[in-house]
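Note that the chains are named A, B and C in the order they appear, and that numbering of residues resets to 1 at the start of each chain.
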């Protein structure tokens, strides 16, 4: 069963189709695995009842030999900032600890319609603010790699729970969210595939927002092919989300890896992505893969994206401002934590919010409101918007020369928890998100793929970025590399 | 730059009558902000119903109560309504406009912010030209041209019922579509403001973008008022809210101007504050200052990309401005011009008719059956309106149509009845008598006496009964002739055709 | 994607070659930062009025020394952005700025789900949401920078 749990969706589906295993058994194996790996704390909620109900319906479809999609009966996990009807959705916060949405996020709805089965809701940094999955009221998520009880490595964040769930085989795919790297970062540390689609390709309805102008639902899987299957299911225009593209989505069909070639592919290496804190091993891996592609016919050239280093500061300003705005709705009146305070509306709000939000969230709100003050608007917020355009323009300029970009995903392998918590949330984000943030600024698609293990046995990953809507190209390149490097999964 | 403003103001003033309401020592400046609820089926950014007076919290979608993860989707009808209104008010429609968030905490704003248009509103720089004429206050009408700074689309808030120890919040109205019309401070008193609102109401009702039922809160007027001495800079202004009727607009502004004069003349200072109009006491009172030190921290709404509207033959946009322009019917100014040009009415009459859509409707119907336009106008304005007002009735409730009036006009033209009888007929029909005027005069025997022999008989009787007046007349006091006329009229209960009487009376007198 | 279709016919060996050599295709050394630390403005100190205002605007009950310091740090960090030359550059609010906003038809498609709407509210009375009376400004504190951590 272990082997099945760590295999890909196509295999699992084949077995379901040929009735070697029922959806219920498959789900239960996943649930068992989730419980066995409970010490890693990937899940906030295991949805046994709901999952079993869905598995039963899937079985009926298989038995009736009804047309079933490629995902029918496949267990998946969803990050706990996506609304799932009748299943509590907490964002790892006291504020939403008892919040039960009455509607489904569009991406979840689409997966349900395709027959997928929900294993559970995964852990995250509170309200997706963080890059370690350590700021959660449900305690931190631990990396499966190099785990020891008293000295573990972080899973990365903020979609750490989803990454660990996929890496350990308690689901076949998981949804995360990506605002500054929150899907790619944990993918990199946990050694799984993490895709950030083009902004506007996938609906955000039901995704509790962090930064509306940059948030995208992310996909975490063990293989690129699995990633394509999930993307094909969830992508497309949603009339309920005014920020989705109206152009009809065309399903991606990747050829088998044997048929892929990189001959003539123009690959850019942006020199600014070698920043001060880049780990030597990561740098060497970057170089190795660049050379690999070069040997096989790609045209690899160094380019310059001068505004890359400003992305961190720009992101921190825009993020904090949007947070201050998006969090204004949490007052305890219509939903959420409500303090026992009746003297005035403002007092009630202040008390509920100070109890419901952790320090990271509260500080971001305070700072964001400072930047949004009328007197500061031009100086910080509007300036950041202008710098955002400069960063975006860097990408446009790059596409004049090359077709894709190859960069590291994170500056190092997964840090130890003990070391990680020595720095503040903001400092950590600043470092960890260096290579992933710019893609969110410009809205371009980006994918993180695991390449090899470091000397200490931790995953090292690289990132591929392409122009808007170039998912077919970056996924194909990712598959090509995946096939060569043959990254080992978690044992 | 306020010098140029002052010069402009003086030019405007020289064309205006000074209002009797403001003392000559002080100049008052009034600027209005109008919130008009768009009469669409659903709300601005969600699909819940926009209907008034529904069960509590029934017209609320998940987006309206700001459930996390929900997103706004713009209602096309609201864009069309905004553009239609902008065109009718001579504004420039922006080809690209944007939405912003205006942040403040209040229990009836669930999201903690209102979505509005601050940076780049739907339309800019328009104007509304209207007539100011309140019978009884103004001797004759005069024109005012009020400039409009901008028109923007924005969300309405929910409603709170304030109890002693808690507020009950109903979000039915939260997210309802509003157009905010911001006028420049071009007005000088309450009557001008009332006239502006009156004109605006007629326009909005004609183009169908707002019901303008102020009692339902569909149209809300806030007034910014300041006073200053001529030649000096503009004074500190106060904002007056909570005005629930057009007469309330006039009353509130009149009171506030008086109050500010009183304060300044007694050595006090005007504070920049928000005041509420209390219709029962007819005063303005300071509102609990909910703004204190407020910073709305406007921020672009990230969930709504820019709104493109197509102008001219361009196709890129969700609505086409030119198509909408074609849908605009005749506006009040056009109607007034038409009444004057086509029907020879006076400006005053055209103003009153246009201001009373029901009356106007009757007039338009009546002219189909009679060409005595002046007479029809008089019957409607001077007779009907007077009777209706005297009896505290509502024009909406009376069951008369224009045809009736054209019949009355015909009867007068044919000398079957006189103006006095017309009044009696009108009294009958508005109290529910369904008979035609001809039938009524038949039934009541109100046909005017035009038979010469009969008139002679009546006149002879009068002369016989008033020998003393006859004596006086014979002695040369010709003025007493009028009293004889009066007696004839009274005696016949106004049923006699007075046009024929003088000649007959004179003949009789000469025989005596 | 032309390179994929072209690759269907491969003339030479099917296995990709992996040869190690000393060629450096990635930048050997870190890129230099263009931010001049010396030119950064003096660290902004937050005064009592601003703290009071921010607290009223944020309502997170966070006017303690720790939070103010974090705020000042964040501002100092953000000050780096002032050194970027953005003359003539338009702000980028959304990457979808060139695409026209999609609108929907004026039909009633939502609402009429009062039970759902009230479901997650802690306090409800006769179908109303319940809030405390009015908006009463937070009490002014005597010492706005009180030492103990008020936030949990």
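Couple of notes before you dig in:
We adopt the following convention: a contact is a pair of C-beta atoms (placed from the backbone, for glycine too) under 8 Å apart; a residue touches a chain by one contact, two chains touch by 3 or more.
By chain, UniProt protein names: A = Glutamyl-tRNA(Gln) amidotransferase subunit A, mitochondrial; B = Glutamyl-tRNA(Gln) amidotransferase subunit B, mitochondrial; C = Glutamyl-tRNA(Gln) amidotransferase subunit C, mitochondrial.
Bear in mind the structure is a predicted one, so any value in this text is a computation, not a measurement.
Of all the chains, the one whose CA centre sits at the greatest distance from that of chain C is B. By number of C-beta pairs in contact, the leading pair of chains is A-C. Rounded to whole angstrom, the centroid-to-centroid distance between chain A and chain C, based on C-alpha atoms, equals 16 Å. Here the CA centre of chain A is 59 Å from the CA centre of chain B. Centroids built from CA atoms put chain C at 49 Å from chain B. Among the residues of chain C, those touching two or more other chains are numbered 53, 56-57, 59, 93-94, 96, 99, 101-102, 104, 113, 116-117, 120, 129-135, 137. Residues of chain B in contact with at least two other chains: 62, 65, 67, 73-74, 103, 105-107, 165-167, 169, 171, 295, 297, 302, 304-305. Residue positions 99, 102, 213, 239, 242-243, 324, 331, 333-335, 342, 345-346, 349, 369, 373 of chain A are each in touch with at least two other chains. Listed in rising order, the residues of chain C touching chain A in the complex are 1, 3-4, 6-8, 10, 14, 16-21, 23-31, 33-35, 46, 50, 53-62, 67, 70-71, 73-75, 77-78, 80-82, 84, 86, 89-96, 99, 101-102, 104, 113, 116-117, 119-123, 129-138, 150-152. Only residues 82-83, 91, 96, 99, 101-103, 105, 204-209, 211-213, 239-243, 321-322, 324-325, 327-329, 331, 333-335, 342, 345-346, 349, 369, 372-374, 377, 381 of chain A touch chain B when the two sit together in their complex. By the touch criterion given at the top, residues 98-100, 102, 199-200, 213, 239, 242-243, 245-246, 255, 258-265, 269, 271-272, 274-276, 278, 283, 286-288, 290-292, 294-296, 300, 302, 306-310, 313-314, 316-317, 320, 324, 331-338, 341-351, 353-355, 357, 359, 362-363, 365-367, 369-371, 373, 379-380, 382-390, 392, 424, 426, 430, 442-443, 468, 472-473, 476, 484 of chain A touch chain C in their complex.
Residue ranges on chain B touching chain A, taken from their complex, read 62, 65-74, 101, 103, 105-107, 110-113, 165-167, 169, 171, 295-299, 302-305.
By the touch criterion stated above, chain B contacts chain C in their complex at residues 40-42, 46-49, 55-65, 67, 73-79, 98, 103, 105-107, 160-171, 288, 290, 292-293, 295, 297, 300, 302, 304-308, 316-319.
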